[in-house]
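Below, each structure is written out as C-alpha cells.
Okay, so chain A shows up in both of these, paired with chain B first and chain C after.
And now, the complex of A and B:
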C-alpha cells in the first residue's frame, strides 16, 4: 500500500474496524461509550422504539474463542436479574459478521470512582454502599456471583440511582453442601458451571479480587464477592468526612476483607445489616465493644433526648433557684 | 498496486493457517521458514525502522543498517526460537530485541553484508523516511506506544492494500473508493451520504451499504493479518483489543 496513513487516518480506520456493523438490525450507531475486557459498549439508537440504548459487542469473535459464549452468558445472567440496582437487558442477537451483541438500558450517570469526590459525607457514601449490597445480595439469591465488583463497575445516576454494572465475569452457580463450619452450620459452596472457567484461570481486578480468586481457584463462593465489597467499602471510607473512620466501621471492613473466606461475613445481607446498624447507631457484629464504648454509643445515639432532658433539668434547677421566696 | 517491498510476493498465496508465523519461522523446511519470515518482515520492518529513527534518534543510514541487521539477527541468532508467548506479546518481544541490538551498536559496527534467508532485504527506506517526515506525533510517546502506533499503521496499510486488491478482483472498486474517501481522506467524515452519493452518482442507500461492506471486509482482513502475526490465540485477542478497541 503506497499510501501514507496519518495518525488521524489510522484512528478513523481503527474506529471503522471496531464499530459494530449494524446492518440488518434495528439499531443505528451513535458513538462509543467505552471498552471493557472483551468488548466495546456503544451508544445506539433503537429505531423501532425511538430511544437510545447501550449495545455491547465483543471485539473479536473467532471460533476458537469462548468470548461469544461468555457475552451471551452475561446477557442471560443480567436478564435473569430484574432489580433496580442492576441494568436491564433489552435485546440480544448477532451482527452481520456473526459477533453476538446485546442491548441494555443506557445509564446516564457517572462511575463511582469518578463520582466519589462529590460525595464527602460518610453516611451518604455508606448509603450508596448499601444499595450496592442490595443488588449483589439479590444476585446471590438468584445463584449469580459478580466476581469483578469495584468502584469502576458501579454507576451513580443523577437521581441517586446506584447500578452494579459489567457482569461479564459473572457466573451462574449451583449450590452444594460445603464443609461444616466451626459453628456447626454448613457454609454454602458454589461450583462454577459457566463457560470459560478453565482450572487456574484468574478473573477479576487486582486490589478488589479475593485471595482465592487471585490464586485461580475454581470453587469460589459468595464470600469472594463479599471480599470485593469490603474493598469497595475501603475505597468509600478513604477521604470520607468525618475522619478518622470509626472503629466499628473499620472492623466491618476488616471482617469483609478477611484473607480466609471462613472469617468473612457469611452473606452480603449480614454485611449490609452491619452497615445499617452502624448508620442507626446500633452495635455491629464485627466489633465487640466494651461497656464504656457501648455507653458512649448509647449517648451518641440518644443525644437528642439526653440534651432535651438536660435542658429540662437545667430549666427546673434555675426555676427552683430563682423562685421568689 | 504494489507492495512497499517485494518481500513475500502476493500475500494471498500465504497459507492463512492460524499461528503460522511463529511455527513457520521454526520450521525445518527452508521455504516455509522464508515465507514466515517474509510475513514478519513485511509487517514489522517499518515499525522497526521508524522506532530506531525516532526513539533511538539514529540518522537515516545507521537506522537502515540497524534495521537490516535486526532482521538478519532474527534468523542467525535464532531470536524467534526464544520467544515465549506466555511472557510477552510478539510485538513487545521484537521491540525489546531492537533495544538490545541498538544498545550493542558498537559491536554491530563490524557488521558485514550477510547471506542466508534474509540477505540485504529490498526494503523501501526512502518511502519510510518520507512517512517519517509526515508523522504528527514524534518521539514524545513512550517506546511501547511508539512501536504500537507504527505497528498499527503498518498493519492497516497492509490490510488496505489487500482490501483494494480483493475488491478490485470482485469488481467492487467503488466500495474501496468510498472507504478511502470516508475513512482515510482528511475531511471525508464531514461529507453527508447524499453528497457522497452525488459525487459517485449512486443512491445514498448504496453509500451506506457499500461503506458497510468495505468496512466489514477491512475488519476481516485486519484480523486475518493479525491472526497470522501472533503466536497464540490469547495473544491474538489481546492484540486485537489493543489494535481495535483501545485508542493508543
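And now, the complex of A and C:
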C-alpha cells in the first residue's frame, strides 16, 4: 500500500475512518479530544442547542464485542448520578453505522495528574480530594462503584470544579459482576477499558487497584474504591508542601489503602470526614494520638487566640511590674 | 451566636477582667468599683462596634485593625479623664485597651454567625 500512498496519507485515512459519521444526528464533528480503551471522545457541536459537547463513541472494529452495550450502560449509570462532581450526560443514541454514542458536558479543564503541579499547597490538594470523595460517596449512595479511580480520571475545571470521569468500569452494587447494567447481568472479567487501564483478567489501573481487584475477585465492594481513593491521596501528597506529610494524614492514607478491605474505612464519607477533620485541626480516627500530641494540636489550632491572650497578659504584667513613674 | 453578640460578650468579659487588674495599682484601689464598671462599659461598647463591623466587613486584617483602632480610641477617651490627683494613666489604659480591641476584632472575624445566617 505504501507504494501508492504516503504515510501521512495513510494516517489521514485512518483518522477519517475513526471519525464518527454524524449524519442523521444533530451533532457536527469539530475535533477529537482523546482515545480511551472503549472508544474515542470527540468535540462536537450540538446544532439544536448551539453549544459544544463531548461525544463518546466506540471505536470502529469494536462493534462485535459487548462494548456497544457497555457504552450505553455507562451512559445510563452516569445519567443516574446527577451530582456537581460527575459530568452530566445530555443525550444517547446510535450513529448511522449502528455504533452507539452518548454526549456529555464538554469539560474545559485539565486532568488531575496534569494539573497537580500548579497546586503546591497541601490544604488545596486535600480540598480537591474532598470533592472527589463527595462525588464517589454520592455514587456509592446510589449503588454505583467506579472501580477505576485514578488522577487521570479526574478533571479540574477552570473555575476549580472537580469532576470524576470515565465510569466505563462502574458496577452497580448488588449485581454479581461486571460494569453497571441495571439488570444485574454477569459480565466477563476481562476487558481493556482505558489508557493505562490493565489488560487481562482484572478491571482497573495498576497502582490504583485494590488488591482484591488485582486478584480478579468479582465480589468487590465500596472498599475497592476507598483503596483507589487512598492511592489518589498518596498521589496528591507526593511533592506537596509542607513536607514531610503530617503523621495523621499519613495514617489516613494507610488506613484507606490497607491490604485487607476489613481494615479500610467502611465508607467514603468516613474517609472524607477524616480529611476534613485534619484540615480543621481536629483529631482523625485513623491516628490515635497521645495526650502530648493532642495538647500540641490544640495549641496549634488555637495559636492565634493563645498569642493574643498571651500578648494581653504580658502587657498587663509589664504594666504592673514596670509601672511608669 | 451572631458576631455583634459575640463582640458584646467578649468585650464585657475582657472589660471586667481589664478593670479588675486595677487592683494591682495601689493608687487607684479606692476607685475599683468605678473602674470595673467603666472598663466593662468600655468593653461592651467596643465589642458591639467591632462585632457590627465584622457583620458588615469580612476581612481578618481589617477586622483586627478596626478592633485595635476602636480599642485605642475608647481607651484614650477613658484615659483622658484624670484621677482625683489629676494624674492620667494613658499607658496603663490604652495599651491593654488596644490589645482587647485586637482580640475582639480577631474573634468576631473568625467566629460567630455572619449576618445572613444569623437572620434565618
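List of remarks:
The rule we apply is simple: the second predicted complex is superposed on the first by the 288 of 325 C-alpha atoms of A that agree within 3 Å, B and C clash if a C-alpha of one lies under 4 Å from a C-alpha of the other, contacts with A are read in each partner's own complex, and residues count from 1 in each chain.
Convention: contacts are C-beta pairs under 8 Å (C-beta built on N, C-alpha and C of every residue); 3 or more make two chains touch, one makes a residue touch a chain.
These figures come from a predicted structure and were not determined experimentally.
In the superposed model, A:315 makes contact with chain C only, not with chain B. Judged by the number of chain A residues each one touches, B leads among chain B and chain C. Touch criterion met: A:304 reaches chain C, while chain B stays clear of it. Of the two partner chains, neither chain B nor chain C is touched by A:118. On chain A, the surface touched by chain B in one complex and the surface touched by chain C in the other have no residue in common. Of all residues in chain A, only 1-14, 16-19, 21, 23, 35, 38-40, 59-60, 62, 64-65, 67, 96-97 touch chain B in the complex they form. Touching chain C in their complex are the following residues of chain A: 304-305, 308-309, 311-312, 315-316, 319-320, 323-324.
Of all the residues in chain C, the ones that touch chain A in their complex are 14, 21, 24-25, 91-92, 95-96, 99-100, 102-103, 106-107, 110. Interface of chain B with chain A (complex): residues 1-4, 18, 127, 130-131, 134-137, 149, 152-153, 156-158, 160-161, 164, 179, 183-186, 189, 209, 212, 215-216, 218-220, 222-223, 227, 233, 236-237, 240-241, 243-247.
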